[in-house]
Amino acid sequence: MSEPKEHAHHIVSPKVYVVILFALLVGTATTVWASYVDLGIFNPIIALAIACTKATLVVLFFMHVKYATKLTKLTIFCGGFLFITLIGMTLADYITRAWGQW
Amino acid sequence: MPDSPLIAHTDSPVANSAHHGDDAHPSYLRHHFESVEQQADTTNFAMWLFLLTEVMFFGGLFTAYLIYRNWYYPAFVAASHQLSIPLGGLNTLLLITSSFTMAMGVWCAETRRKSGLVLCLCLTFILGLGFLGIKTIEYSEKFEKHHVPSYHYSLNSFLNPDSDPAAKAAGDKPLPLDVARHTEVYFSLYFAMTGMHALHMIIGIAILGFMIFRARAGAYTSGHVTFVENFGLYWHFVDIVWIFLFPLLYLISRH
Amino acid sequence: MSDTIVSLPDQSTARIPKDNFITRENGLLSWLLTGDHKRIAILYLISLSFFFFIGGALAGLIRLELLTPQSDLMATDTYNKVFTMHGVIMVFFFLVPSVPATLGNFLIPLMIGAKDLALPKVNLLSWYLYVAGGLLTLYTMATGGVDTGWTFTTPLSTHYVNTNVLTTGLAVFIAGFSSIFTGLNFIVTIHKMRAPGMTWFRLPLFVWAHYAASILMVLATPVVAIAIVLVALERTIGIGVFDPTKGGDPLLFQHLFWFYSHPAVYIMILPGMGVISEVISTFSRKRVFGYTAVAFSSVAIAVFGFFVWAHHMFIMGVSNYAVLIFSLLTMLVAVPSAIKIFNWTFTLYKGSITFETPMLYAFGFMGLFTIGGMTGVFLGTSGTDIHLTETYFIVAHFHFVMVGGMLMAFLAGLHFWWPKITGRMYPEKISQMAAVVTFIGFNLTFFPQFILGTLGMPRRYAAYPPEFQVLNVFSTAGATILGVGYLLPVLYLVWSLKYGAIAGGNPWQATGLEWQTQSPPLTENFVKMPIMDHEAYDYEWLEHQTEERKKEVASAG
Amino acid sequence: MSHISPVLWQFLVKWLTYFALFPPEASKIAPQMDALYFFMVLVSLIGLTVVTLLVISFSILYSKKRHPVAEQIEGSTLLEATWTIIPLGLFLVMFVWGALIYFRVFTPPANAMNIYVVGKQWMWKAEHPGGQHEINSLHVPSGRAVQLTLISQDVFHSFSIPAFRVKREAIPGRYTTVWFEATTPGTYHLFCTQYCGTAHSQMIGDIVVLTPEDYRKWLANSTSGASLAQNGERLFASLSCVACHNTRPDARGPSLANVYGAKLPLASGGTVTADDAYLREAILNPSQHVTQGYAPIMPTYQGQVSEEGIIALVEYIKNLNSDYRIQQTTNTTDLLPEGEARPASAPKVAPAAPERLKP
């Protein structure tokens, strides 16, 4: 799993940063605009989707994870997985409370 | 996933590491590491693990937010209308730009541009302070309107929204008392989440100040960039937390 | 019992090596500002023992109070403060850090062939945070204690108690960071600083167990940090996250608290299991049976440990369907522990077993941990949990696993690596007797509590119906024997510092890298970086090495 | 030890002869739970003896004296598989058996007799529908399903009856229930098993199981004069619920006759069955539970009525199977909207407890 040596110090060019900055600003604008439009159940979904894409952009490019070792990517995956487990399994209790008798 | 140790692979002797002209043991190489690159890699991995603890720390808050948003949705909508989108949006722009300047700073450090590094760090510092400034404006507005939990928390702007400019602008209908009562849970979460985020910003800005001081003395532009890189990771993480906080707290439903 | 594998150098000529990590520098500052993982391990050992005996004294007070059905030794709220402090000190200041911070800190770099842990300053910071948290707890005890139980159940801890919940919460918050930094240090070191040739499947099982425990330390502790911060915010500025009158849900605190506290019990037991793998392998001169199974069962415990937390809340009002999910997953998490027990048992098969003190403690561990593990399944099964939860059955269960399991493993490890840490041997006879005394005292203390639990005696009761008195008296009698059993090691281990036999590099003829260097080791651990060219627990390689060395000595002599 | 003082002697005798080893089985679920319990004890004992025998035999057979040279054995996947699947199988059997018992204990039967229990810092208050109020004690008939609806006024408490093998937390903010069917009459321990503060150890009491006749006698001579529903009725009037929930065609609130157990269409869509929890929520947070066709104008009663008051109101609404009682309340109180001319019926003296409200 050890990466070739060149990964050690892949210097990301400023052009990439400018593109990502622009993408993030567009993302913010769209999420604000989207909240003014009544899309019913889709509003929170879209808001979260935009936030997630912005977050992945920051992680991949600003935090250089795109060029990082598999170990770093695995670590981030574990963190995200556990975050979802904490939320998901706690909701498993809250959602099913209404089902049966209390 | 057997991750065989790096040392066995750096068959090329440590001396000709990427940086030109460094001897085998530059001053910043700690004694227990075999090579500069192993040290950088290790500290980077350690920083990521630390960021995981921060992810789980905010995870608890997001779980609470998710549950109470489902339980008291009308109260969350009304309370979220009290927050001003221009200020929130501006804050998001400030933080994204500060993330950009931080990334540029890391680039300057990697390419040994001292003046560029100092400029980027100062820009990040100013943008961070700007963010906190706007936050204090928003917090003071909450204190004026008594929207701070258990400090004579007043439901007035939810019971008769016409008396409240923000609620009137959002075109809110008066809430019954028991729904309005639960807006206090929203503001509890608002202060907990943005307060914890602001605290992380303050810590970040303090370290940034220290770094600017060291960068002016040319510390980070002689090949040893790990400190700047790791701080960059922390700063981007704090920006990501805000990227999630802004839509969840400010944009619950504005139509 | 007669013959033993201990082979000490000739005592008349053997000396403690002049240059080692203890004598390299001296003076208080060299200890208090050290980066050396071995010195930090010793600092931890001293501070841990201090807190262990405070917690033990509190346990003694509890047992004395429970001698009589009435609450007559102390007022009920004093009793509440005593058992809360016993819980807080034992859980956060002894069980969580004990094996990782002392044996783990000392041995992991040695075992993987590194000069030190990846982040020495962070390691020292971890010890200072531990001591700061500990002093804050002592301050809390001195200024009126706290009576919420170590579980800080809301809304009791937020609105109905005016004792020092804030300072205890801060102490636990700080101790949590100490645990995070230790775990973080271990993960980074195990990943990045292994000696050449030390692949993952040549790592000693001690290192595997600590790797699994460190994942839990790093990922689970922050959630209890946010839970405590929210309790503190609710007590100070009154935010209503857990407050039922404001619309908050007190069960949410239970979710966040147990999300950490169940992985915490695996943080406590996994390092102990690592010690037992090492001890059983060394004293039966055999590679651990099914090395990969034992290694992966550690990681499996760590992974499954995250999905089972609500089995602490079965009757608290979580939905019946959530109970189904969590009860099923609890059954899955019990299986790796069974795998480990059977693998240790079969390691003895066709070995050449000797019964020094570490091995006695290891046998004690296996017996008591089997009972502890099985009774855990009683509580994981939702049906019987209704009757058995929140009674002395639970107290007996976790004491069997924590005191019978983890503490026995800690003592086994302490005795096993004592020669490596101090260069001196502990006295064999008295320590074997101490192990047997501890085993007897333990069973007499905690087995009656299982019966009390089925009788329904509730936890944290200062007074109880008179028909429970006999079992409580047995339990208190056992506690006194246990107290003696724990006091003895302090005496003879301190004695051994001065009068113990000189141990030499490898008194047990063990195969770990830490036994291939001098004891006490050098500050930089190895004269030259070791190359790992053999499998873990390779006793043939060891014989080959000893013959070579004999030939060298013969040819040189 | 030539002479043992009589006090010590008496203490020893009493102490050694009066101790318990296993709780009595006094409810229908107790033997079933004990069966599972003893199955698990058996499995644990077998597991323990297998491990101990193996360890001892290996220690003797392969001690250093008898077997000086150790044979290196890598391991065997067959053995690994066996001691993974067998424990997993056993644990899953326990899981299924346990889950069945769990659902049996926490899904009350329809015909169960309901008793409300309010946990308060350091006492248990039982509220019988017939109006009997008990502190730290609970009288129940044997041979009849009894459902407890628990709530706490302050912190977490836990209502535990070891003899019935039954335990449920009383939590603030929400009803939790458990049911049992007592079998053998007698007096059994009641404990609070969730730590609740200073006098947590004193929050104990007795569960008295009576034969059905003794139970009727007990009910008769320990009533407090007004049944829970009647208390509810008085509260219904004093809190001016009747101002909206009266039976007039243009009433601002829905008629509450036969509402208990009915499927109510909510204004926010979806339907909900009106059980105890729903009624309590509707009283405390009415605007989130508005039935279709009505304006959300009902004020919240949070903080104005105690838990016992809510229990009385819920009991009153549960027993309302006709509008008769509400008409009586409407006539006898001048709570109608001002513009209404009150019907000229003379206010009747409040009748003796009508049979319809018999518990």
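In order of appearance the chains are A, B, C and D, and numbering begins at 1 in each one.
Throughout what follows, contacts are C-beta pairs under 8 Å (C-beta built on N, C-alpha and C of every residue); 3 or more make two chains touch, one makes a residue touch a chain.
These numbers come from a predicted model, not from an experiment.
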item	value
Top chain pair, ranked by how many C-beta pairs fall in contact	C-D
Per Cα centroids, the chain farthest from chain A	D
Approximate Å spacing (C-alpha centroids) for the pair chain C, chain D	39
CA centroid of chain A to CA centroid of chain B, Å	14
Computed distance of Cα centres, chain D from chain A, in Å	44
Rounded Å distance between chain B and chain D, as computed from the means of their C-alpha atoms	46
Sites on chain D at which at least two other chains make contact	106-107, 174, 176, 302
Set of chain A residues in contact with two or more other chains	71, 78-79, 82, 86, 90, 94, 100-102
Multi-chain contact sites of chain C, meaning residues that touch two or more partners	191, 219, 223, 249, 251-252, 255, 259, 317, 320
Residue numbers on chain B that touch chain D, as the complex places them	72, 74, 175-179, 181-182
Contact set on chain C toward chain A in their complex	191, 215, 219, 223, 251-252, 255, 259, 306-307, 310, 317-322, 325
Contact set on chain A toward chain C in their complex	71, 78-79, 82, 85-86, 89-90, 92-94, 96-97, 99-102
Complex interface listing, chain C residues touching chain B	114-120, 122, 180, 184-185, 187-188, 191-201, 218-223, 225-227, 229-230, 233, 237-241, 246-249, 252, 255-256, 259, 524, 529
Touch list for chain D against partner chain B, complex	284-288, 296-300, 302
